[in-house]
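Data block below; observations after.
Just so it is clear, A, B, C and D label the chains in written order, and each chain counts residues from 1 on its own.
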Amino acid sequence: MKHQFKDGTLYFYFYGELDNLTVCNLKQICIDLIDQYQPKTVKLDFEEVSFVDSTGIGFVLARYKQLQKYHGELIICNLSKVNHRIFAMSGIFQLMKEERNGVKL
Amino acid sequence: MNKMTLECLAHLENEAFIRTSAIAFLMPLNLSMEDCMEIKTMLAEAVVNAMIHGYEGNHEGIVRVHVSYDENQIEIIVADEGCGIDDISQAMQPLFTSKQHLERSGMGMTIMQTFADDFHITSEKGKGTVVTLRKRIQHECVSE
Amino acid sequence: MNKMTLECLAHLENEAFIRTSAIAFLMPLNLSMEDCMEIKTMLAEAVVNAMIHGYEGNHEGIVRVHVSYDENQIEIIVADEGCGIDDISQAMQPLFTSKQHLERSGMGMTIMQTFADDFHITSEKGKGTVVTLRKRIQHECVSE
Amino acid sequence: MKHQFKDGTLYFYFYGELDNLTVCNLKQICIDLIDQYQPKTVKLDFEEVSFVDSTGIGFVLARYKQLQKYHGELIICNLSKVNHRIFAMSGIFQLMKEERNGVKL
């Protein structure tokens, strides 16, 4: 995972297999970075993610809730078709926006 | 027709191993990328559930995975001898989770149900849980 | 410490699956390429022997592979319930094979013995064969 | 596997994991090509072979014997270090030569 803070937006770039163990290992780092920057917007980029499961959904929902404290917005970026399908099952897109290549969907 | 059984400790790091193994076992079927992804995801859900719900993170627990196929379908059975499920119909509800504090989404059952052509689960309090997933094999008309 | 057991039919196509699975299971150890190759080769030898000698090509036979590790060593056990070995010391000789017509080299046992830090085999005529292979884990001085 | 017949030499290029199943699938093709060309020399190229076990040794020894019928020579080419080590255990290099990049070893 990489991250970048720019113009009030905190970007997280995930890659590879975002499975349970990987999420467990990344979680605290993300929590701490969000608390540190208290950003207006957080963008989670899944472009390079080859695998995600319901643990990933739980992680995204939890970050959404965390951001509510600062009235921040969470945006999910560059989901592949199959990853989109998994996220969509949870109704998550009722709560947050999706972007592809910087363009709102 | 082919079959295999795999047993391992409930270490979270074994989840990726189980996914990789199952896909390696199914290699001769030449599955589509999409079928592979769906199978990996269903397995991840069932195996993670066995580890973190069934055994509640106790690494001594044994997760058993059975994979078999014939020309028509793939069958995957994931079994644990963990705590079991109290109320299966509640567990099946989208977004229901008993482990909110672990940032679970409650979507595992829904994903398995969506990706499997046939899904059922039996569970006994204190005895364990068995999840059975079946997927029909799409026979493509290969023009060779 | 971690362990797994894998059981599958004696289809030759399952040999690659067993190799892939064992290496996936050992992933957390970050083995060197060389150790990986040696483990794959030992497994290939033991599993192919179980399939073509133990079960003499009968696909109904079950091959059982047990892999475990702790901080010091990896243990691999390959077991079949096939025909067993008459004369183990003869079987161990380099270039001895009972299946010349299948273009076997008779080098399987020698390769296992060379690559394993500890190798032993028990067999009972008509009951089956168990091969145990151990490999010490090289702890490199990582300077991080 | 690819093959090529040139100036009396029959070349076989193997690649990937040369395990038992793969050898079983290739064997008859190789036998037939050797019987067809009855070449002076057969070169088996292992440059692209990432895995080989004792089944591979058995295959090479059997092709050596097959070639004896035509007084042909068998040469093993471009073995990796680990593959060389496996072949060497059998004493196979007492019977046949080894080449790397066309140069005899």
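Here, contacts are C-beta pairs under 8 Å (C-beta built on N, C-alpha and C of every residue); 3 or more make two chains touch, one makes a residue touch a chain.
Fair warning: this is a prediction, and the values are worked out from it, not measured in the lab.
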item: Subunit B and subunit C, separation of their C-alpha mean positions in angstrom; value: 28
item: Separation of mean Cα positions, subunit B and subunit A [Å, integer]; value: 25
item: CA centroid of subunit B to CA centroid of subunit D, Å; value: 44
item: Overlap residues in subunit D, where contacts from two or more other chains coincide; value: none
item: Subunit B, residues touching no fewer than two other chains; value: 13, 16
item: Arrangement of touching chains [line / ring / star / complete / other]; value: line
item: Set of all touching chain pairs, with the criterion as stated earlier; value: A-B, B-C, C-D
item: Subunit B contact footprint on subunit A (complex, rising order); value: 17, 19-21, 24, 27, 51, 53-55, 57-59, 61-62, 82, 86, 89-91
item: Residues of subunit B touching subunit C in the complex; value: 2-9, 11, 13-14, 16-17, 20-21, 24-25, 27-28
item: For the subunit C and subunit D complex, residues of the former touching the latter; value: 12-13, 15-16, 19, 34, 37, 40-41, 44-45, 48, 52, 94-95, 97, 102-108, 110-111, 114
